[in-house]
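Chains: A, B, C, D, E and F, in written order; residue numbering restarts at 1 for each.
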Amino acid sequence: MRLGVPRERRPGEHRVALTPTAAASLIARDVEVVVEAAAGELAGHLDGAYTGVGAQVVSSERAAWDADLVVRVGPPMPAELDRLPEGGAILGFLTPFTSADVVGRLRDRQVTALAFEALPRVSAAQGMDALSSQATAAGYAAVLEAADASPKFFPMLTTAAGTIPPAKVLVLGAGVAGLQAIATARRLGAVVSAYDVRPEAAEQIESLGARAVRLEVEAQTEGVYARALEEDEQSRQHELLAPYVADSDVVITTAAVPGRSAPILITHAMVHRMHAGAVIVDAASESGGNCEVSYAGERRVHGNGVIISGPTELPSRVAADASQMYARNVLALVQRVIVDGELIIDLSDEIVSGACVTHRGDVRHELARKLLGLSASEMEA
Amino acid sequence: MDPALITGITVFVLATFVGFEVIAKVPPTLHTPLMSGANAISGITLIGAVTAAGIEHQRLAIALGALAVCAAMVNVVGGFLVTDRMLQMFRTERRR
Amino acid sequence: MVQLLYLACAAAFVIGLKRLSSPRTARSGNIVAGLGMLAAVVITLLHQDILNWGAIAVAAAVGAAVGVVWARQVAMTAMPQMVAALNGFGGAASALVAGAELAARDPGATRLDIQVTILLALAIGAVTFSGSVIAFGKLQGLVSGSAIAYRAQAAVSVLVTLVAVGAAVAALATGEVFGFWVVGGVALVIGVLMVLPVGGADMPVVVSLLNSFSGLAAAGTGFAIENSALIIGGALVGSAGFILTVQMCEAMNRSLMNVLLGAFTSAQAATATAEAGDTSVRAATAEDVAIALAYAERVLIVPGYGLAVAQAQHDVQKLARELEARGVEVGYAIHPVAGRMPGHMNVLLAEADVAYEKLLDMDDANQIAARTDVMLVLGANDVVNPAARDDPSSPIYGMPIIEVDRAKTVVVVKRSLAPGYAGIDNPLFYFDQTMMFFGDAKEALQRVTESLSLV
Amino acid sequence: MRLGVPRERRPGEHRVALTPTAAASLIARDVEVVVEAAAGELAGHLDGAYTGVGAQVVSSERAAWDADLVVRVGPPMPAELDRLPEGGAILGFLTPFTSADVVGRLRDRQVTALAFEALPRVSAAQGMDALSSQATAAGYAAVLEAADASPKFFPMLTTAAGTIPPAKVLVLGAGVAGLQAIATARRLGAVVSAYDVRPEAAEQIESLGARAVRLEVEAQTEGVYARALEEDEQSRQHELLAPYVADSDVVITTAAVPGRSAPILITHAMVHRMHAGAVIVDAASESGGNCEVSYAGERRVHGNGVIISGPTELPSRVAADASQMYARNVLALVQRVIVDGELIIDLSDEIVSGACVTHRGDVRHELARKLLGLSASEMEA
Amino acid sequence: MVQLLYLACAAAFVIGLKRLSSPRTARSGNIVAGLGMLAAVVITLLHQDILNWGAIAVAAAVGAAVGVVWARQVAMTAMPQMVAALNGFGGAASALVAGAELAARDPGATRLDIQVTILLALAIGAVTFSGSVIAFGKLQGLVSGSAIAYRAQAAVSVLVTLVAVGAAVAALATGEVFGFWVVGGVALVIGVLMVLPVGGADMPVVVSLLNSFSGLAAAGTGFAIENSALIIGGALVGSAGFILTVQMCEAMNRSLMNVLLGAFTSAQAATATAEAGDTSVRAATAEDVAIALAYAERVLIVPGYGLAVAQAQHDVQKLARELEARGVEVGYAIHPVAGRMPGHMNVLLAEADVAYEKLLDMDDANQIAARTDVMLVLGANDVVNPAARDDPSSPIYGMPIIEVDRAKTVVVVKRSLAPGYAGIDNPLFYFDQTMMFFGDAKEALQRVTESLSLV
Amino acid sequence: MDPALITGITVFVLATFVGFEVIAKVPPTLHTPLMSGANAISGITLIGAVTAAGIEHQRLAIALGALAVCAAMVNVVGGFLVTDRMLQMFRTERRR
């Protein structure tokens, strides 16, 4: 079996889907690993490291795509989709719930697409949960971005030149990334409070030593995820959040609802109530942003002196470790679909079946079907 | 009042004080062994039994005394031995 | 002179008891007390003008043989009932000695105070005896272990007690031997009535109380035969036993009254049981945990989400330091998904300044699990659930776990038997080597740390 | 008396020498405060805030310079020097030991120049010690720069996707900035070790919970500062430091010797022994850099994958708080030289005298004289 | 019957002593013991057939008056010598009682054991008396406070003791009254010889030991007049006093032998003094500090560089939490330049999770300084140096400080009297309200926290 | 041996045990008050003095006894009062 690791070409993407260590594990299981030249460079893995463990480093992009299974970090770009062998297989973040184009073309090419976004978040699959591992990196990097953007110290400092009070950091959305952001901001000495719609998040926030903001707006989870709010709920939420936002030196937002664009948590009006030098880091900007005033991929000073940053590719800021975790996730999932050196997609395996968005011309995931306008029932057949 | 009685009461009161004070806060794991050890000590009635069985002339008294000796002996011997068994868990010398 | 020798024996008892109340010296204390006893017996034999050597020898031989064999063969789990039974023998012996005194002299012609003490020894001995027999029966499963309640229980108890007092007054007034025997008989009934209403779990407290009684009975015989060694020894056991009883109640967060009234207060009893959870788990106290930890060679701490919720990171570090100061090797076994976010335990322990070198990966931890004396599971649940390893039907089957159950002892600290994130039951809690210490992790750790100084 | 606050024009300089709060204190003492428009904007102080406390905001640069005392953050640029009134006074970081040009022109214009660099570091002067306050900001910002540049997490993370070991951070030079860097890196969860030539620094490093690297190269202090090393000492130092540097994920350097260019602590060869993805933040790059391979004001990836950053204007990254502390220092010193609303330079005051580098055409500080090639004795006269 | 009343008095002594040994109950304990004493005297007066009411009344009135006036007027600082003197009176009383017994009867015609006890009471009482007088003299400054050593000291002591023993044997053998008086006289000499070699700082230990002796003397008189209240009371004081003496030695890290041999081991003594630093500072123990803190309403902690060096941030937080649990209000006063870098104390305390709200700026701290019971200065020096405020010639004059000296009590924890960063001496250490607790901050804090549970 | 002596010894030994046990670990601040309180108790010799002074006929004995009463009284009264003064520092009731 041949496994390809093409170089990621999306600007700002520094990660690599397979580290030399992970490659070595696969090679030991008789998988032929083909890595495009310079694929790992930005994550600190030079080509020599791959050849060192027995992988084949190829300079041709085509050769890396021409494999039984292609492992990726981000979704294939249009040009790359064409390089994917018909009937082949791909694994990575494939945006199956947001990019109809990608899903449609994967289906059309009869590709077996395993998307990390669709992986069931059950206990046994935690080793493959790339959403979690990359959200961890994103949460950490979001705080570094915020600290860098803020003209204030995060910790309190009592000095001969006066006492600097600690920065007040508010984290909105306390999923994996949000919790990591809370932890990191607390480490730096900030006074952290946080909010999430899921009621059980409050305890988790407090378990990190931060203050949980409890509003009356709550949404019981559907599975592990939050549901989207109704319109009236949302406006009530804005109203209740506004004073907390206005009082903060730094706001970091990480809220998301799978298969939807990110919910708006900070409105224009709320931004205007903030003070000059306050910072908003919208870590959800890639999926539309939690802030109405959001500049994806940029940091700008708003009219009233509020600094707004919408970093994309946050995990790439810790590319080495993010790649290492990602590669471990990839390895765990790949090892599950390789039997005796052959790629076997066992659809009776709850985990594999869940992650498998397209297979033999079928779109299998409900949210992906919704995206393409297909009926839900068809899948059952 | 008889001086022997007064002496007895004095001794009894003092011994009671000692008993109260001698037991500091005891960890629960020691509750059972301590109870067992104290129980064995209460078998001191054995010497009363020996006295009763040994110096009386009356048959019934001797019989009761002998029975008392037997019962007290079980209490004393069994008590100390079983306490020791329970305490073997604390045997290991602590390295430092 | 012989009295001074007896005094020395009594001193041995005091020293023995003192040493018995601390784990380090307990064993030697038992031996000191035993030697004191041996000396007392020898002194008595030499000093008294023994007439009936034969009777004594036979009786003593039989008693000793029974004691030795029984103590050797009894199972460790049957200790409580053995103590109850031994106590019964002690009570019986005192009652018998009192009986022998009665038989030997004409009560009517005896000093009143001697009469009184004989009566007391007889009555208390009898109560001890019958009470111990019932306690033994309950512990052994011969009598129904649960609290036995019946209508008019209170009335019956009061009545019987009144009868006993009446009989005693009559006996003393008349000096009739028969009256004394009646008191003894009624006392037997009182013993039974006293123990029957108490539930099985509270039996050790009752046994301890009866133990205190047997001391008083012995002291009573001491007054009767005017022997100060008996008085001192009996009074010692009487008071020390009482203090111990009170402490046992405190350890269960109950009052002595509450325990003795048992069945009357069944509502309370129900709460207590619920608090302690299912009866088949072993609920430990802070002191039990402290002893398990203090006498271990290696302890692995397995932190979980509950430790974070309780914000007990500083407290666990404090405990670990104290254990290390005692020479225990302490490590932290970190499960990859412990807590609610990746690295949750790292943040937590970093706040408490736990050195990175002390953190063990799951794999490393599992490697030394079997060579670990105590696994201290702090607010973790799913990540130590053996079902993930053993039960293919479990929803978390296949998740790697920290195999705490391979250690000699597992101590689990959490507030209840409630499940964790995965919402499933954890068989670990019911394992033989598992002690559950219920409570908020922060408070629990503080209490364990405090208790360390006692052990 | 008139006190001027011109806008700082040096690129990357975001600080302001006087905050509205500090201005208010002076105005209460009958000082006329003139602030150039937009002077405080980048530090979060809009013009309105100054007018609000009674300061005059002027749009003309000239008007802000035309004052009895001009307070500055950085040294005046050549053009600005001309705006300074002949016989006037200026206070700020004036580079008196490194820029002969500035000192010479200040003397020539008979300006009374009070330089924070020359302020005696005695206990009573700690409230005016801007070197310390700004070094504090620099140390903190240097760590943020390092964390941002590093492709690794600083803290240890045990996750389902493997265990990420903590980053190994080495801080070279443990003065005020270095100690703050140590504290900040430790807050983020890194394993920190540090080195300084001053022997007493080891205890201070350990007092922050970091490991002190003790080499045999030590230099007793002259006053509070380190002395420059002899050549043989320096090469021995490089030799002994090399393995520590090679073993680090992040190296932050802050070493300096007053009146000298920064000592070289990391040589070319040492950079080459570091691993790909390792980071060097040379916080001394403004004064020449502690690393032979240093790009002032830039972050670059070196040939072997080592990321080298030579940030300048570090305190400006926390411009708001750095300005607040700086303004407190300025206030403390200004209050010492104002008597009844008049500027009085009392040269018998040890602190004022020490800080005063030029006065009535004299160059007064020994190091500054050395810089201009003047004899030391002349000053005594 | 009267014996049982005496027994009750003795019980009051036991309870009184027990309560006296814990700060919370000490005062009531003293009262209980006092009431027991009153009762014992009343019982005696009523029970004995008193002939010489007048003599007793006069003597008692004089004694009581002296006691009341003296106890009222003595300065708090003169307590130790007062206790020594009182103790001397107690010893004298016992010796006098023994003397009275001697005078009243013909020793030769008395039971030997009574003779022995009279002799013991006389001798021990005399030793107590003369020893206490010397101790009083030393403490009051009438006798040279330092250890008095002279050549052949050991030889003289041995010789005198032999003389005493010889005289005692002779007296008992002959039954001559005169022999008894000789023994008493020699005992007086022994008391003097025993106390002279002991240094002034160790005097409290000696007084405590003499106190134990006076208990034994009282017990001796009890044997002589066959009164069990006296025996019990005396024995109690004898043993409790001895335990106390041992504990006092432990608190000074000395052995009793070492203290008594005093001047012989002057080398050691010198070390001890050096350890405690300059004699004009008040060196406190962990328990002293614990009591000062536990009974305060408000405590401000002033951390400094030493706290960072000791890395004792977690320990100080632990102490603060325990104090808060006791209802003490605890804050942290942060000086702007404490430590070695701006914000040093912030980093340190953040590591220990001290809430930001508990940190007070220098100005706020100074505002409440006068209303603060205890300022706990931990490894800080320059930042609390009053010279910066008061002494224009000081190199740090003009540096603002935290004015800890305005609080009622200042506790300074550091390893020595060494100066801090500025290299200058700190007059604070010599102030009246300052207690120095010498030691590494981490260890010191741990010991104080442990001691908290005792107070 | 005389039974009174034996009783005396028994009582003495037991009281000594009580004395040993009753003093747990005492904080140093209490050392002086405790010593002073114990010292006052040792003034129990007062009842010996009263007995001596009160029931004897011999002049010297009476004189010595009266002196003893006086000395013991100083010890007892002064002792308890001064102890109480020392202990006033612990008076404040703790709020909680």
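Assume a contact is a pair of C-beta atoms (placed from the backbone, for glycine too) under 8 Å apart; a residue touches a chain by one contact, two chains touch by 3 or more.
This is a predicted model, so every value here is computed, not measured.
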{"item": "Steps needed, at fewest, to go from chain A to chain F via touching chains", "value": "2"}
{"item": "Chains in simultaneous contact with chain C and chain F", "value": "B, E"}
{"item": "Chain separated most widely from chain B, comparing mean CA positions", "value": "D"}
{"item": "Chain D against chain A, contact positions shared by both copies (same if over half, else different)", "value": "same"}
{"item": "Between B-C and A-C, the pair with more C-beta contacts", "value": "B-C"}
{"item": "Between chain F and chain D, distance of the C-alpha-averaged centres to the nearest whole Å", "value": "73"}
{"item": "Mean-CA-position distance for chain E and chain C (Å)", "value": "40"}
{"item": "Computed distance of Cα centres, chain D from chain C, in Å", "value": "69"}
{"item": "Chain B, residues touching no fewer than two other chains", "value": "1, 7, 10-11, 13-15, 17-18, 21-22, 24"}
{"item": "Touching two or more other chains - residue numbers and ranges from chain E", "value": "14, 18, 228, 232, 336-337, 342-343, 347, 350-351, 353"}
{"item": "Overlap residues in chain D, where contacts from two or more other chains coincide", "value": "126-127, 132-133, 136, 155, 157, 159-162, 164, 187, 189, 209"}
{"item": "Chain-to-chain touches, reported pairwise for every pair that qualifies", "value": "A-C, A-D, A-E, B-C, B-E, B-F, C-D, C-E, C-F, D-E, E-F"}
{"item": "Interface residues, chain E side, partner chain F - complex", "value": "10, 13-14, 16-18, 20-24, 26-27, 29-31, 33-34, 37, 40-41, 44-45, 48-53, 55-56, 58-60, 62-64, 66-68, 70-72, 74, 76, 79-80, 82-83, 86-87, 89-90, 92-94, 96-97, 99-101, 103-104, 111, 113, 204, 207-208, 211, 214-215, 217-219, 221-244, 247-248, 251, 285, 287-288, 290-291, 295, 326-327, 451, 454-455"}
{"item": "Touch list for chain A against partner chain C, complex", "value": "122-124, 126-127, 132-133, 136, 176, 179-180, 183, 186-187, 203-204, 206-209"}
{"item": "Residues of chain B touching chain C in the complex", "value": "1-2, 4-5, 7-8, 11-13, 15-20, 22-58, 60-92, 94-96"}
{"item": "Interfacial residue positions of chain A with respect to chain E in the complex", "value": "155-166, 189, 191, 209"}
{"item": "Chain E residues touching chain A - in the complex, by the definition given at the top", "value": "334-338, 342-343, 345-347, 350, 353, 356, 359, 361"}
